[in-house]
Amino acid sequence: MWRFECDYTEGAHPEIMKRLLETNEEQTPGYGEDFYCGQARKKIQDLCGRADADVHFLVGGTQTNATVIRAALRPHQGVLSAESGHINVHETGAIEASGHKVLALPGEYGKLSARQIQEACQAHYTDSSQEHIVQPGMVYLSHPTEIGTLYSLAELQEIRKVCQEWGLWLFLDGARLGYGMAASGSDISFRELAELCDVFYIGGTKVGALFGEAVVIMASALKKDFRYMIKQQGGMLAKGRLLGIQFDTLFTDDLYLKISRHAVQMAEQIRDGFQKLGYSFFCESQTNQQFLILSPAQIEALSEKYSFSIWEEVDQEHIAVRFCTSWATKEEAVEELLADAAAIKTQA
Amino acid sequence: MWRFECDYTEGAHPEIMKRLLETNEEQTPGYGEDFYCGQARKKIQDLCGRADADVHFLVGGTQTNATVIRAALRPHQGVLSAESGHINVHETGAIEASGHKVLALPGEYGKLSARQIQEACQAHYTDSSQEHIVQPGMVYLSHPTEIGTLYSLAELQEIRKVCQEWGLWLFLDGARLGYGMAASGSDISFRELAELCDVFYIGGTKVGALFGEAVVIMASALKKDFRYMIKQQGGMLAKGRLLGIQFDTLFTDDLYLKISRHAVQMAEQIRDGFQKLGYSFFCESQTNQQFLILSPAQIEALSEKYSFSIWEEVDQEHIAVRFCTSWATKEEAVEELLADAAAIKTQA
Amino acid sequence: MWRFECDYTEGAHPEIMKRLLETNEEQTPGYGEDFYCGQARKKIQDLCGRADADVHFLVGGTQTNATVIRAALRPHQGVLSAESGHINVHETGAIEASGHKVLALPGEYGKLSARQIQEACQAHYTDSSQEHIVQPGMVYLSHPTEIGTLYSLAELQEIRKVCQEWGLWLFLDGARLGYGMAASGSDISFRELAELCDVFYIGGTKVGALFGEAVVIMASALKKDFRYMIKQQGGMLAKGRLLGIQFDTLFTDDLYLKISRHAVQMAEQIRDGFQKLGYSFFCESQTNQQFLILSPAQIEALSEKYSFSIWEEVDQEHIAVRFCTSWATKEEAVEELLADAAAIKTQA
Amino acid sequence: MWRFECDYTEGAHPEIMKRLLETNEEQTPGYGEDFYCGQARKKIQDLCGRADADVHFLVGGTQTNATVIRAALRPHQGVLSAESGHINVHETGAIEASGHKVLALPGEYGKLSARQIQEACQAHYTDSSQEHIVQPGMVYLSHPTEIGTLYSLAELQEIRKVCQEWGLWLFLDGARLGYGMAASGSDISFRELAELCDVFYIGGTKVGALFGEAVVIMASALKKDFRYMIKQQGGMLAKGRLLGIQFDTLFTDDLYLKISRHAVQMAEQIRDGFQKLGYSFFCESQTNQQFLILSPAQIEALSEKYSFSIWEEVDQEHIAVRFCTSWATKEEAVEELLADAAAIKTQA
């Protein structure tokens, strides 16, 4: 069976495993204060072109989102997010558990617009009983979004402007950041993120690492005491070097983007292949997630050899499904998939 | 100026003030363990026909909602509410501050339906990654709702059935309960509430008291240690007798319903009067809140002598406004209002 | 029976009841934005000699402590308090419920010293794994303390200095502030508090009001958005004028201090009377609480006519008890108590 | 330099690294629902002799403690812990951040006694204002404790009895459990823990794994929905199999206890060696942590080649320090340490 259900079905990129093995017997101090974390930090600062960036390594995405948001907001503030945002629908209320309302806005293709944010703030601050309503304190974006769409540089700049106008922190969740940067037509690099965001994170779990997310903090006010917050939220890994070694490896010889590009190419093959076969798509995506519309019979047939995610019912005879590729996707798997897709094209 | 902006612009019903004055020098134990609280409790139990009901007195509505919800839910659970529910939009995120997501559903005229609740639970429990999603743990209704609409007994019974099927607590916010019960056509009394709800509260602040809400707990599991929860949330009034005396008075000689009926009659006069004058309504209401559609010019004209709430923009030339009556509304004020409304009818 | 168990056994001072009655039918806006709140605010600012003080009115002490502390601290910070501090032992964990550890220090006679605070901060910031430990963010004092002792001006000034050195907020709980100011030898007035504290509150519940505490915020950073915090914690009274009227009355014609002085005089009569009779004291107190040591037989005898609090066991044959006076204590009650105390002096 | 500062300075046991490498390219479902987690779960159930035990794998200790405690307690409850308990002093208030007070009791050699727990509960439930005080809801033990001491089976049985009497959950933190079980004279095995505790965890991070703690839940009421809690606290590892593979390996061929015994032997060599040289000890320990008393000069001398933890000042000329061994400690390092210790014995 080939798994396309998500982008974390394998272990880590072999280069990472090699480095973990090589360093396994070394003795280092704990909690991210070792040599490897320092080296990884430096490489990320260099990529961002900002020696003043604070870089912290956490284990997973939900933990990272909760830690960042809790560290940034005051108790009466909430975080603006697209309705489909991970923090709104797939973290078992971790943000609310830390005391903050997710202020969900409809979103278009998983994205928020500067205009929406502007309107939400205007509505809040012109309400005569504003103190009875959660105050917007932060904007949460994911890039790529949950459905693989991307912000353009222009869009991000506009959002940044609105954030500054209303005093909102801008936080970008980059759990799949590599796949976004590797997408054709994407015009956002680490330098732009460092310039536009107050804080963002670079996903490792879905992009080659065993686990790990690198939080990059640009806003001075958010830097203070962030390690206390990591520890309190249970995110400070005792053997912190495991994160340092992984990110150090990912940012050596451009590995992060190289393997991201592979995933995107595999996704493009899937997209182009299905398209040529005449299949319909639930939405367009330039990244490593492809959303197809299949019939129940097609789903049943493909499920024998492939795992993939049921996304949502389109109508009684059509269901949207998601195929994910990753740094680890084998070309052979994609070819088999397309061959089988050709064979079952006519199954209603 | 006459105030119609809300139902808490005056102090308390004169009978309550009289009782507070008469008992002012008495010495009683604190924290709701005095004679008057006991007596008020007994009267409410009698009204509900249930000697086993636990009755607690709190100061205000937001406090009450937060205390009840926090006491009932486990950390990973959320509360289903209409989007317009008070807990969702007008409590500065007090529920989220206590760790729980408000699971907002569209609602129709401010109401949830049994079917919606059913669908939300079904969606949750058939999701293969349900553990990544907040679990519905409670249904929150308000009766009357934020826009003055009412549940019928049949609707409540259906909702109850769904709650039992899925293991949800049923909580009814009765901040304006008197005005609901006094509405023409309402078929829900205290006995029905005690039978159908796991917990509900009887609003005093908006119905004749200086302040105060009486929480009635029917479900055994929710009764345990509730006083600890009140204290922790800062809701245990030192001179608890102030609440006991007020509710004792409200439930002596049927005062609560008598004054509620007055408010509803005043609201009906406003409704019928404006209707006769040809004004349009934003929505229908049988209770003490009436939602009218006015032009900006009409709003400006009426604002000289009357205060009322701007509800929402209908279109560029029409705005929905809310007029509230209460136990304290003077007939004279309503008559003046209608006279002035007649005079400005033609202002666009 | 005469009640000496606490200082909130009666309603309110007659002057307050009179004002509440006189204004009962007036219509005012809600949530503390009425004329009376404005007037009370002004009087408190004048007493403090600081027009820039922010003044907010809340209902009760636990609510006030939780709201202030939560508004001031970041998530990883805790609040230094004497072990006997109200927030540490008598608020059902309200501070922890808002996410913050109470960092309890032994205290001497219920008081913290500048030196202790200094040492606690030094210990924290010289610990190499400080990020694994809750960071001190605030000092919580009560004045008078839980056992009726008082800070001197010099002590407060020293504490202030240490707070500034380590970046700690200084918060003073004045639930019984009047009784402290009225104590003989006390050298702290509103002006000193406004100068030395970042935030403090003036207790009404125990000093003549039906209920109510006036929070005075001096530090600019703590002023921002405080009303959101009050609302979120369930402390924003709908009919806010009830608080305004009460504090306006308490600060008219020096009523607050006048009635406080009465309570202290009554306490002094109790102290001096018991002393003359040869009773022992658990600790010294200049304020309205007196702590005596009685035998079980004496306790039983006095309990027939008087209520008072059992404080703690001293040894198997001696128990410390607390007698509280208040603005409402009747001279007649004190005289009877002393007469009965004389009669039972010899009961072991 | 040789590191003795803690028991997590290296990576993982070579056998674990081997298994991680071998399985690296396999595709598995995420979030702990893979084959390896299943197999590890089964082995732990077998060791406990209880097929009904629920076993979950989390990443680190603070995360585990916070998740278990939050899942078990109601909002008004706190957790009894020794003052030196990890949750009380070394988790940046993670328990309070989840809303619960740590009810710290003095402890003797880091341990709580049944009697202390009994007295704390009695004090709570006989207090007439118990609702104003945090209710004890759970007992937190660590075994070994923070200073390497151990509970005997008889002590645990007594504690269990008190817990049952007062309705307290019994939770045992086994971050160093292997080192406890391998200690000479220890009479507690997995079977006893499963019988006596409501929930406990088996530490991996400090005992041979890269990271990971295995939570074993015995009490039915605590099993329900625990995965939601893990996810909400940010502890659900996407590639959950990493934990499964590690614990599967640790519980294959008794590896967990074998490597624990090595650590204890190394600690015993240190203990016996220093003892023979005439050094004093801060406290006795049978496990992998040894607490010595050194002079500042000795500390300086040893620090050139060894890292170890400064524990606390004993007096002006003596400081307690901690040497930790682990599964990875090299005999060569211990021998060098003892040789150097001999050389500097006379340095004051």
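Chains here go by letter, A, B, C and D, matching the order in which they are written, and residues are numbered from 1 within each.
In this text, a residue touches a chain if its C-beta (ideal position, glycine included) is under 8 Å from a C-beta of that chain, and two chains touch if they have at least 3 such contacts.
The structure displayed is predicted, hence computed values, not measured ones.
When the interfaces B-D and A-D are ranked by how many C-beta pairs touch across them, A-D comes first.
On a Cα centroid basis, the chain most remote from chain C in this structure is A. For the pair chain B and chain D, the distance between C-alpha centroids works out to 50 Å. Note: centroid distance chain A to chain D, computed from Cα atoms, is 34 Å.
Within chain A, the positions touching two or more other chains are listed as 75-76, 91-93, 97-99, 129, 131-132, 228, 231-232, 236. Here chain C touches chain A in the complex through residues 31, 70-71, 74-76, 98-99, 129, 131-132, 135, 225, 227-232, 236, going by the rule given at the top. The residues of chain A lying in touch with chain B in their complex are 75-76, 78, 89-93, 96-102, 128-129, 131-134, 310.
Against chain C, in their complex, chain B makes its touches with residues 1-3, 5-6, 8-12, 14, 17, 20-21, 23-30, 59-64, 66-67, 91-94, 97, 205-206, 210-211, 228, 231-239, 242, 307, 328.
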